[in-house]
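Sending over a structure as structure tokens; questions will come in a sec.
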Amino acid sequence: MGNCCDRAASFFGPQKNTNVRVGLPAVCFVWQIAMVVLFGVFIRYDEESDTHWVEFRRENNITSDIENDFYFRYPSFQDVHVMIFVGFGFLMTFLKRYSYGGVGFNFLIAAFGLQWALLMQGWFHSLNPETGKITIGVESLINADFCCAGSLIAFGALLGKVSPVQTLVVALFGVTLFAVEEYIILDLLHCRDAGGSMVIHCFGGYYGLAISWVLYRPNLHLSKRFHGAVYHSDLFAMIGTLYLWMYWPSFNSAITDHGDGQHRTAINTYLALASSVLTTVAISSMSKKGGKLDMVHIQNATLAGGVAMGTAAEFMIQPYGALIVGFCVGIISTFGYLFVTPFLEKYLKLQDTCGVHNLHAVPGMLGGFIGAITAAAATEAVYATVFITFCKNTFDFEGEFENRTPGTQGGFQAAGTCVSIAFGLVGGVCVGFILRFPIWADPGDDNCFDDEVYWELPEDEEIVPPVLEYNNHMIHKHQEM
Amino acid sequence: MGNCCDRAASFFGPQKNTNVRVGLPAVCFVWQIAMVVLFGVFIRYDEESDTHWVEFRRENNITSDIENDFYFRYPSFQDVHVMIFVGFGFLMTFLKRYSYGGVGFNFLIAAFGLQWALLMQGWFHSLNPETGKITIGVESLINADFCCAGSLIAFGALLGKVSPVQTLVVALFGVTLFAVEEYIILDLLHCRDAGGSMVIHCFGGYYGLAISWVLYRPNLHLSKRFHGAVYHSDLFAMIGTLYLWMYWPSFNSAITDHGDGQHRTAINTYLALASSVLTTVAISSMSKKGGKLDMVHIQNATLAGGVAMGTAAEFMIQPYGALIVGFCVGIISTFGYLFVTPFLEKYLKLQDTCGVHNLHAVPGMLGGFIGAITAAAATEAVYATVFITFCKNTFDFEGEFENRTPGTQGGFQAAGTCVSIAFGLVGGVCVGFILRFPIWADPGDDNCFDDEVYWELPEDEEIVPPVLEYNNHMIHKHQEM
Amino acid sequence: MGNCCDRAASFFGPQKNTNVRVGLPAVCFVWQIAMVVLFGVFIRYDEESDTHWVEFRRENNITSDIENDFYFRYPSFQDVHVMIFVGFGFLMTFLKRYSYGGVGFNFLIAAFGLQWALLMQGWFHSLNPETGKITIGVESLINADFCCAGSLIAFGALLGKVSPVQTLVVALFGVTLFAVEEYIILDLLHCRDAGGSMVIHCFGGYYGLAISWVLYRPNLHLSKRFHGAVYHSDLFAMIGTLYLWMYWPSFNSAITDHGDGQHRTAINTYLALASSVLTTVAISSMSKKGGKLDMVHIQNATLAGGVAMGTAAEFMIQPYGALIVGFCVGIISTFGYLFVTPFLEKYLKLQDTCGVHNLHAVPGMLGGFIGAITAAAATEAVYATVFITFCKNTFDFEGEFENRTPGTQGGFQAAGTCVSIAFGLVGGVCVGFILRFPIWADPGDDNCFDDEVYWELPEDEEIVPPVLEYNNHMIHKHQEM
């Protein structure tokens, strides 16, 4: 197969250099060593994961080890972890010859990103000014996984068109930008965004789209032969879809308030997701001759309900509210795959491999605004006797934010959504220009969506029936005799 | 490929109309809108997922948020959720050309079914007569998933022979019937059935078999070319099998009593499953030339131990009792695949694609009777000092049921099993006749087990080696020059 | 294909007898019946899974059901369970024609092994001398799964070269040896080894290598045609890799102390794993022309961080310490795949199908020594005010071990590592000789890595395009007319 690629060069002229033998190891080593040093300087266990928990329990009159935050959060953490690595990873295996790249680079980005995220989020959120240390616990791990999600979403828009070194650059800047916008949105604007409609999906989607726009490849059609699925690659992608779908209630509820907060968030997300499956199927079937379903829609738009509930799920949106949200975004997202992605490619020169525009950018933005409306609509009528407690606990109207009302909170939530879009677009354009330097060993236009470029592939003997191969072997042996 | 199917028509005469472009979207929209309206009227958060949890905690002297039912049940819920979507879904991907249908329609049925189940089960079990509202929490979500399982089991018997519209009809009536029989068995007869041997597996199995019997296709052999596995489709099915097998302890224990109830149920299920693996392998190997194992048995009969422990797992059946149950049903289930399924097809005109007779119907029925025996055998000797507490807590011998003894309870359990069989058979026959109306766009006899009918399939270039394709591309380019 | 195999016999001389039709069922039945009897005699529920929990709670002033060990351990148990069956199982599907054997025999070994492990570990650790009974709870289930892991690791070295009967023999002796070495290391030497670097990985690795060494096949090259991956088999293996990787924090923390113990262990493992991904990618890329990545490395060496943290993760190794460990073992393990495995095969006559030497044996051994160093380095400086509590709780310096210091503990930890190596090597050689008796129906040298030998395979029509098959069918029909 190598041979055949060499021959290809004679037709296309000198082939692009895609050798990452120096660049990739160098980046991996430099960044991993930097992580070791920075962790050594900054990161320690928090009081619930340190041996001082014994003292901490005594001092705080905590009656049982089960009240360690580990037991509130760890099952959700593991579900989120599965979403990041298996969910996002396998969702990106749908291309016929880029499944290794999909699941493999996803693995690489996330493994690096979560380390950098622990540092970045730590500096912004939990740096102890006295000791100069960041302390981490299970909630930090969840937040680090969330932070990676932003960059993985961006990777979805770039899938098959970038080198592994570029994906690491996307993650480095993605995590950095994420931590800053998150600090602005959650701390300065004091928004609530448990499941990250704004900070994760909206930001990540627009970040990826902006990068992809800058990296526009006018001759991408030269890789057309690899730009599609085969039967089994679509089934691998369904593994990703289903894990994202099933665990999304854990994603949205992972860091909400203990007790009713996590409970309600999970219920709302579960319902919104169920609802978006039915409308996705409906629109997908309506759009095709004979009413045939399109796997692309089933794999992606069914998840839009989870994205759009990321902010509002912890509020009292009520079960029917969740169903309505899922209903609408299922339709919007499927329409996106049918009409918007082709439009973007044709008129805006924007190539979006996985359609993150329809699954993350738009549903995330809508989720931000739905959250704003739900927050603003929080009235004493809905919350009755516990209205003040709710405002205090869920909205954290304390300290400098004591005078906020749900109405003003709604305004700030909407502002937060705009901030996330702005960070995604501006940050993405900047990173896109960095990625255009001719040093990253990205694939040529005729080489995209092809694992051959960055992976040692097995000789694919699936295409040579084992029986024949065996016979050949026998004949060969016979001749030798 | 479309071409070739068009040609096929000339041999077989006018092809059956399988166009679902109007029907499927219509059903999805109507039903989803109905769900939104009904949820709006009826469904609210319960006191543990509502913001009133704060008050509820105070009033009930609950010392910690960790005692919210969420933390008792959510990890089990997620395991059950995975079983429903990945377990059942991927188990049904074993056919070479119906993997999309297997995992995709499973997804659709479950996403609709769980919404309808929340309503149906709510009306029967938790409708507050004063407020007219149903309140839901994490236990409701588990029960809704359970309720879907019944219809998914039925779908297993119909796999490849029905249209997506028909699957939704199966789910609509399946969930309805389930809620009624569950109400009769659990509330009126006051049976215990934590893991649903009776209400889920026995009912679901016979429901599917009865539908399949009514829908008998004498010319199904015309689809013989698609009625089998290929190497990789069997591996996808193993994903389903293993997730069902691993998480079955969570399935059976998900709604048992807090504390020792969940703990004991999980242990018993774990042991029964382990035991049925060994006897399945033994019988499978004995039945084939050279002792070769059959993937159909490994994929299915290994799970029979979990089905058969659905009722008895929460009782004190003892570890060796669990092993014996697994031992026996492993053998029975494998014999079913070897002899009973072919017998049913030949003499009873019953086509059972996944063999739900052997995995659900019979082991479920046996599980019901094993539960009856175990309940009847609950004596003071086994439970010693806690006998009365056990009767009160696990059997709920309170109120109108105060005078029951374990012996009478056993009788009621056996009666419950019969009720579930009756509901399955009668309900299934009725639904079967509904599905015979010629309006559902089901596939023709020569078109079964073929994703081509309801899915946009990728051109399967796996069969054209990428190298050749690439060369063709090159040649083509060359000629153009 | 059967035909073709018959023909093969004429070239190779009489083919080896691989008929397991008597042996496999016999072994399964005998062993499963033995399990039923032994469980009947010995095994009962412990006080937290028995109905006596009600009394136990009252007597011990336990305020809530949530303090039942089930809620501390069950989510971790399920993660470990997934690692054993899906993780190990799918990791072994990478061969193009041994995927059924990889996932299927893994399933069989583990299902038998966990029953035998409950007995063996029970006799050594929790046999009540008064009642003569072993009591089991969720922690026993985790330990039983751990115990199986040792044999599954050994199976990795033997993959494709042994019969299913032999795998059961490997498991029988593997579990037995495991229970003995574990008793010596954890009870007599009083070592700590939460995640089993020593007792699981180091033992299991050397056990498998020793067996494989005894079973050396000089003519294994005759099976060369099957000794490799295809595109999709490598993707199936990635499912295994990712589940092992994601759930490894649960594996290491599953049986550590409640509270900070589990919390800290999970964090350390998470970090070590992330770090080893980057160094694995770096070395893999450096080693190949063009910097292409090798799936074998990504599938395996990325996990080395988890193995190497098995002992030290519960100590205060600090986050940067965990990163350093992952950094180093990622490099060592990848080098192992590049250089050591070929070296072992060429010069030591040791065929190691999955490379367990590089993923389990060496990282496990290193993990043992890292644990020893970390334990010895536990000083008052690090633990400050809770030093004594830590020594008491984590090291269990009580009773006869009251006078130990962290320094001597470190020495004992190192000694434990040596014990596990010795048990693996000596036990493996003995078991290897047992497996050389000509009664086990193992495959011939030309038949290794081939599912055809022990499995009924579907006729692989993937290689006949469905379209052609359909046309043939049509032509055939036409001719009949």
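Couple of notes before you dig in:
When the chains are written out, they are named A, B and C in that same order, and each has its own residue count from 1.
Simple rule for what comes next: a contact is a pair of C-beta atoms (placed from the backbone, for glycine too) under 8 Å apart; a residue touches a chain by one contact, two chains touch by 3 or more.
Just so we're clear, the structure is a prediction, and the values are computed from it rather than from any experiment.
At the interface between chain B and chain C, under half of the residue numbers involved are used by both copies, so each side presents largely different positions. The angle of the rotation superposing chain A on chain C, based on CA atoms and rounded to the nearest 5, is 120 degrees. Inter-chain centre distance (chain B to chain C, centres taken as mean C-alpha positions): 31 Å. Of all residues in chain B, those that touch two or more other chains are 63-64, 66, 71, 75, 97, 232, 239, 460, 462-463. For chain C in complex with chain A, the residues that touch the partner chain are 1, 4, 7-8, 11, 63-64, 66-67, 71-72, 75-76, 79, 96-97, 225-226, 228-232, 234-235, 238-239, 242-243, 245-247, 249-250, 258-260, 262-264, 266-267, 270-271, 273-275, 277-279, 281-283, 285-286, 288-295, 298, 302, 316, 318-320, 323-324, 327, 383-386, 389-390, 393-394, 460, 462-463.
Interface of chain B with chain A (complex): residues 18-25, 28-29, 31-33, 35-37, 39-40, 43-45, 48-55, 57, 63-66, 68-71, 74-75, 78, 81-82, 85-86, 89-90, 93, 97, 99-100, 103-104, 107-108, 111-112, 114-115, 118, 136-138, 141, 164, 232, 236, 239, 441, 453-463, 465-467, 469-471, 473-474, 477-478.
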